[in-house]
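Have a look at the structure below before the remarks.
The letters A, B and C name the chains in turn, as written, and every chain counts its residues from 1.
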Amino acid sequence: MKLLFDLLNKRSVSGDEAEISAFIVNYVTKRSLGWKVQPVIFSGEEFHDCVLLKFGIPKTAVFAHLDTIGFMTRYQNQLVAVGGPEIIAGTKLVGKDNKGEISCKVLGDEDSCFHDFPRGIEAGTRLSFEQTIRLDDEYIQAAYLDNRLGIYNALKLCETIDNGWVIFSTYEEHGGGSMPFLLKFIQENAPIRQALISDITWITEGVQHHNGVVISIRDKFIPRRVFMDKIIDLAEKSGIPFQVEVEAHGGSDGREVQFSPYAIDWCFIGAAEDHVHTPDEKVSLADLDSMIRMYRFLLKEL
Amino acid sequence: MKLLFDLLNKRSVSGDEAEISAFIVNYVTKRSLGWKVQPVIFSGEEFHDCVLLKFGIPKTAVFAHLDTIGFMTRYQNQLVAVGGPEIIAGTKLVGKDNKGEISCKVLGDEDSCFHDFPRGIEAGTRLSFEQTIRLDDEYIQAAYLDNRLGIYNALKLCETIDNGWVIFSTYEEHGGGSMPFLLKFIQENAPIRQALISDITWITEGVQHHNGVVISIRDKFIPRRVFMDKIIDLAEKSGIPFQVEVEAHGGSDGREVQFSPYAIDWCFIGAAEDHVHTPDEKVSLADLDSMIRMYRFLLKEL
Amino acid sequence: MKLLFDLLNKRSVSGDEAEISAFIVNYVTKRSLGWKVQPVIFSGEEFHDCVLLKFGIPKTAVFAHLDTIGFMTRYQNQLVAVGGPEIIAGTKLVGKDNKGEISCKVLGDEDSCFHDFPRGIEAGTRLSFEQTIRLDDEYIQAAYLDNRLGIYNALKLCETIDNGWVIFSTYEEHGGGSMPFLLKFIQENAPIRQALISDITWITEGVQHHNGVVISIRDKFIPRRVFMDKIIDLAEKSGIPFQVEVEAHGGSDGREVQFSPYAIDWCFIGAAEDHVHTPDEKVSLADLDSMIRMYRFLLKEL
């Protein structure tokens, strides 16, 4: 779990993914010699802060977003949300501006929120939840499991994958914007017709801890039925625990696959968390294990 | 009207357009020998469930969407909307899951709706309005005139068209998503600069039954003025009855033409219905006739 | 200021930008002989009503939108908004239909608004604010400073620019739609990785008249941090007055750069106005001067 702890301790509020991106490139460069197949790595200015790994001859792409929700300082002591964080008065935030490290608390509510840092913070500074990782036999609890677990799952997949794209996107929590150029690049270089979204979903009345990885039949958007049927048939054959989700709301990088100028089927597959978008996101370790095993299975079979 | 009745009796809630797509391909294959020009047919996995017909050397494309609104089952007996169906308690729904045929009623309202089917229905199953077609001398009334009439109009156009694309899209009722790859394909193969949207609009205070096909000057989005002026000039010359529409809301496949990376003018032209998105959509037969004649005229003149 | 007055006296409600577009092409054709570098001009049907100027070998593109907010007539004496005009009863509107010139007043409010013109106006006719330009030593006040000042700034930049694209877009006030094809064209002809949005923003508690051109760290959307840091560093070196903005709402052509299939950094830079989207938009002349100087500086340094 050292990798996961390292990921959880990085900051990467949407638009500020340079550090986590460099961490991923460094990790891949070091570790890929031990992987079954060595990927071609695409990263750097031309790809902004995204990272693309091409293994063998891809038929399927896996997408995991690098960014997290958070806050940005406005004028005086005002805060503006980045993505959709839960605003809970008293929540601890951390960050950094040109005057140094920042540690403060959120005050107020969704309509107007503030920080209590004694000195002014430069306008436009990103703040994120203070990280406290809690691990026991059943659960991991921390800020930003969404989407550190999705990244972790993607990197575990890298160890055994023969063919496929593994792609780390940016800006997912704040409307997206990197998926269009990532999709253009992969379709022009090693095109695929299937995409899996490695991300974290919600505990609801129909999705419970310990019941396996979630295969989402829909969120706000709806994947094509013939592809969902194929995925669920394979999942049943796999013997790996899974549960299906049907939601009216929510979105993921899948949205931008749907609206891209390429006929690519997509499906969101990921463990479920409760306390979504708070510092206390909580995921069953058994569900995380199912997620990792399901991706390894599907990337072989699809 | 056999073709129209066949279309009305198919089910194709957004994301599940495989059956209607196969029907269209089969119909075109059989009937196109009797058409003035035989089209090149593009369909199959590469195009998901869309169908493209290329006649001669296209200058204009006509788009008709294959999907309908409907419902998807969630957990227990909950329903989630697909597109924007009117939720009227007591409305009959039909569908099918792995346990067999389903026939039930909608309960509840827009905030939370349910079905009354005695057994559980598999989560993620699509349901649609039970179809009852009513035809008299003046009107046709049925579920899903939007967009079965648009498809019917497009297929009638196929009989006489010399040059142009006739394209059957998917997902229109639920945010779209096929138009971007369809537009990319046509622009890279036989590019056009003009698009007509063959779809059904609304009866309002300014748009009445029997006043002719509707040419929409705007809905939520606004086509370019120089193109609208050209269309309306031609419509006036045609002698075919038409009325103009100016709305602040609503959308169509035209939206995705507007936001595509191609400079393509677009215009929505279609008959108006009342009881929109209910099982009782109602259209004047005279307006449908004007729609068919207007498309035949415009595809010659544009 | 003759150029600015000429621009302010043109009408170009979204979708109806043909006249202003022709004015720009004519101006550029006449004046460019006196510019440091003569641009290649792209305009005409293939580009709808947009105009693109290519100077030297571009690294950066500057976008200024040609359209304004306004109104469109509906049925009877109803009005529908184009973009987001402030609806202030009594505001004077002007326009033209096939029966002649129109001058009338707005009645009603945001929920339902009307005009008081004695005769009927053809449905689908565009109306815009009557123009009254007020100029003193400190301020300019007029309708449509947003975005006539952005166009003016872009045309002043043309006088001295060595390398870069200067691009006049359409439809920005009503959801956009020209940026995708403009970006595709420039990336396929002389690609860039940086974009500046020459547009007008809002006076707020943190942005005041006379404090310099505004560099926007975010509106509804968020440019990439590494690019913002670069812009602000350069702005500091320039010695030209500027202020930074952090907003939760609002958008610009930058939104469409963000969501394009190209990895292009973007930043909104423009003077601030109060009385936004009324006939009384007001901008500090000192801030306009800072805007013009900042663009000239940045296009050299970026």
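To be clear about the criterion, a contact is a pair of C-beta atoms (placed from the backbone, for glycine too) under 8 Å apart; a residue touches a chain by one contact, two chains touch by 3 or more.
Keep in mind it's a predicted model, so treat the numbers as computed, not measured.
If you draw each protein chain as a dot and join the dots that touch, every dot ends up joined to every other dot. Simply put, chain A must spin 120° to overlay its Cα atoms on chain C, rounded in steps of 5. Chain A and chain B have CA centres that are 36 Å apart. Residues of chain C in contact with two or more other chains: 260-261. Against chain A, in their complex, chain C makes its touches with residues 193, 204-206, 217-218, 220-226, 228, 244, 246-248, 258-263, 265. Note for the complex: chain B touches chain A at residues 14-16, 18, 45-49, 72-76, 80-82, 123-124, 126, 171, 174-178, 180-181, 183-184, 260-261.
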